[in-house]
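Here's the structure, in structure tokens; my notes come after.
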Amino acid sequence: MTTPAAEVQSPARSAAPRLTLGALLAAALLLLPFTVSSFWIRIATEVLLWAGLAQSWNIIGGYTGYLSFGHGAFFGLGAYVTGIGMTVLGWPFAAGLVVSGVLAAALAAAIGYPTLRLRGAYFAIATWAFGEMLRQVATVLEVTGGAFGMRLPAFLNLPFFYYVTLGTSALVYLTTYLLLERSPFGYKLLAIREHEEAAEMVGVNTVAVKVNAFALSAFFPGVLGGIYAYWLTYIHPDSVLGGIITDLMVVMVFLGGMGTFWGPLLGAFLVQLVSRSLWLVWGESTLYLVIIGAAICVVVLFMPGGIVGLLEGRRAPLLAPRAAWRWWRERVRW
Amino acid sequence: MELFLQTLIDGALIGGLIIVVGVGFSLCFGVMHIVDFAVGEWVMLGAYTAYWLVRYLGQDPMIYLPLIFALFFAAGWLIYPLIYRAVSGRRHHPALMGLVFTFGLSTLAKGGALSAWGYHVRSVSTWLSGQSVSLGVTTLPALRLAGFVFGVLTTVLFMIFLYGTRLGVSIRATAQDRETAALLGVDVRRVGALVYATYAGLTGMTGVLIGALFSIHAAMGAKYVIFAFFVVVLAGMGYVPGVIVAGLLLGLIQSFVGVYISGRYTLFALFLLMYVSLLVAPRGILRRGL
Amino acid sequence: MLETQNLTKSFGGILALDGLSLTVSAGAIVGLIGPNGSGKTTFFNLVTGVYPPDRGQVRFRGRVITGLRPHRIARLGIGRTFQIPAPFVKMTVLDNVAVGAFVHAGTMTAARRSAAEILEFVGLAAKAREPVSQVTLEDRKRLELARALATRPELLLLDEVMAGLNPAEVRAAVELIRAIRARGITIVVVEHVMDAILSLCERIVVLDGGRKIAEDVPERIVTDEAVIRAYLGERRRAAH
């Protein structure tokens, strides 16, 4: 007979190897700029940036089950707020980042309150329309430089951007771990994803919890957008508000595993790896779209749990070409 | 006054084409709960198919319309099993899986087209290009009129099919209530395949006209995704007659905002309306959607 | 404990509940029966705030709770189970119950400890670590109960917790409900399993077409002419 106390404890795992592994990883990430060329620092910064963005999207899309197809809007907002703050208002970079994050979260809370009443595809379409709307606004406004974009003060210091991105993305993962994996808030989100009515019936304030999750998932993209703007020094509506920003977040999380802690990191790493390798081989190419599109289709069809789902997987997926072919033949009816 | 009239007619003409796309798109949502992000890619592929057919076989693109319908119908029929798999089974949020799957398809098609054909803008011309029809107060490019006639004709035929035939009735029944329709002996899966294939065929055909009216390039699909979503959201998702109203509205907004305010604001206006409409009337402006 | 006055609700012109007034006193165990569509589940939905009534009000411990959102009502002390079990599928049995415990527990550890005690009480302790997708229908019904209990309700609304269970499982469920009541929790039971409801309840309210057609002790309900006509007779005939 098990006592209640025994049930509460997490399964016994020895912490030492994990800690060592974590420390090694942290050391490698911290020392990276001293050991590799600027080319690789740039690649690493990109991976970290996307890992942070993907995890942010995972908070609302993966854990809560509300697929935001307009999340790039918060990234773009951050980029423009930091840009305008630094050039027009003369703020320091750090202030720009804080304001970017806060404004992105505030905007998310404001639109989340009405929008999160919509479910499923309706929410996805509404957020998509909102994101595109924001892009159109950036295209016509004076202060954003319209379709031509805007220039930020140039600051060419790759390690600086690497560390700022590393810090922010690490914060995203830390927040996710503490708030979503280890506290009631995260379990409330899961409960909403699994059965919203039942969650409400056992006392979960679903409206407040969802709005908080949406604001949290918008805060970090706001900050990362600010970093990205200062790093690139030149931004325009397509580069920071383009549909591709949202698309990549969605793809990375789906590929890695929806609602899993490590999924977004794996997904971001893989997608960046593939697109950069293609870029190295063929130069500027649109072929990565083909690969990403095919990857999404395969993930949805054969591994809905993503890579993490596969690693934890119980069933062998229909990945073998012959099995997949037979499966498809049986289902086309003439 | 003449500008107003011209704008009005222009808007209605564009709307006529969008309605064809919207009707199929709306039915897909009703029957299979699929929001097809690939809708614009069907338009793009339709336009390209016409372009290549004309390039290698000659003749006027209009005579290929039936062939293109058949080709796209077959393509839709062939990929339907995949879509069915995406939205069914033990998956947790079937509708969302369908959304992401078609999003993947769309990325795949767009990327493929960009990789194969690049960013070049192409065009096809038909014997109607450059001709115009005088309508008393105003003259119309013949091609636009043909597009409108095509739109109206296709929609009317499709409506007759939906409301007048046994198969059409079972399609509508499925759209209303999938479970009950299945209990009443409708082969829901077959109906789904038929709807998706028909929708792909119609959208591919519309692509030919859009390609002839405007221009053909690999990234042209994005615009029609916006249009289709707009029409279906305002019509009420899954409510087919609403599509006609919303399609005309779309055409009118597009041409009036373009003429009287500025072309730069048309997309903004569309997105704003779509967003607000979803918030205040998620079942469409006629409140008849699912 | 619970008092409703003139509770009325219609859906698209069809009256689901037609002026229902009902009083449930503290510590009681009341059965709510009636044919399908007689308004039992609608009654639960109105009490728990799933949607507001067209007319009438709900009082809970003397306080008007009409118009409050479901989570507020849950926190005030009304727990409820779903007719079709609605677990959080991708979570373990223990964590399902822990979500209910968040009403009073601020940390995961506290919520899980409280959840573990409740699982012990309903007899699911052995399955605490299993994902919900692995457990049987009977256990899912127990899980429904456990999750509702985790909010520490004073009033528990049970919506057909015995439907689909075999006779032995029904007996176990009756025992469990008695044990819950022995903890001082007031209970309203909607049920089709007549033997169970007759042996369990002290009072029975019979609904038909959204109206209350009888309210009495079980012995007199089974002989009531109107009840037999509306409900029991129909079911007895169907059973033979």
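Residue numbering begins at 1 within each chain, and the chains themselves are lettered A, B and C in the order written.
Convention: a contact is a pair of C-beta atoms (placed from the backbone, for glycine too) under 8 Å apart; a residue touches a chain by one contact, two chains touch by 3 or more.
Remember, it's a predicted structure, so these values are computed and weren't measured experimentally.
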Which chain has its Cα centroid closest to the overall Cα centroid? A
Looking at Cα centroids only, farthest away from chain C lies chain B
Chain pair with the higher count of C-beta pairs in contact (A-C, A-B): A-B
Let me have the rounded angstrom distance from the C-alpha centre of chain B over to the C-alpha centre of chain C, please. 48
Could you please state the distance in Å, as a whole number, between where the Cα atoms of chain A are centred and where those of chain B are centred? 31
Taking each chain's centre as its mean C-alpha position, how far apart are chain A and chain C in Å? 41
Which chain C residues sit where two or more other chains touch them? 89-90
Touching at least 2 other chains, the residues of chain B are 92
Residues of chain A defined as touching chain B within the complex: 65, 67, 114-115, 117-118, 120-122, 124-126, 128-130, 132-133, 136-137, 139-140, 243, 247, 250, 254, 285-297, 299-301, 304, 328, 331-333
Which residues of chain C touch chain A once you look at their complex with the stated criterion? 48, 50, 69-72, 74-75, 79-80, 82, 86-91, 94-95, 98-100, 102-103, 105-109, 111-113, 116-117, 119-120, 125-126, 128-129, 147-148, 150-151
Mind listing the chain A positions that touch chain C in their complex? 1-2, 4-5, 7-8, 182-184, 187-188, 190-191, 193-195, 197-207, 259
Which positions of chain B touch chain A when the two form their complex? 29, 33, 35, 77-78, 80-82, 84-86, 91-93, 95-97, 99-101, 103-112, 114-115, 189-190, 193, 222, 226, 229, 233, 237, 264-265, 267-268, 271-272, 274-275, 278-279, 282
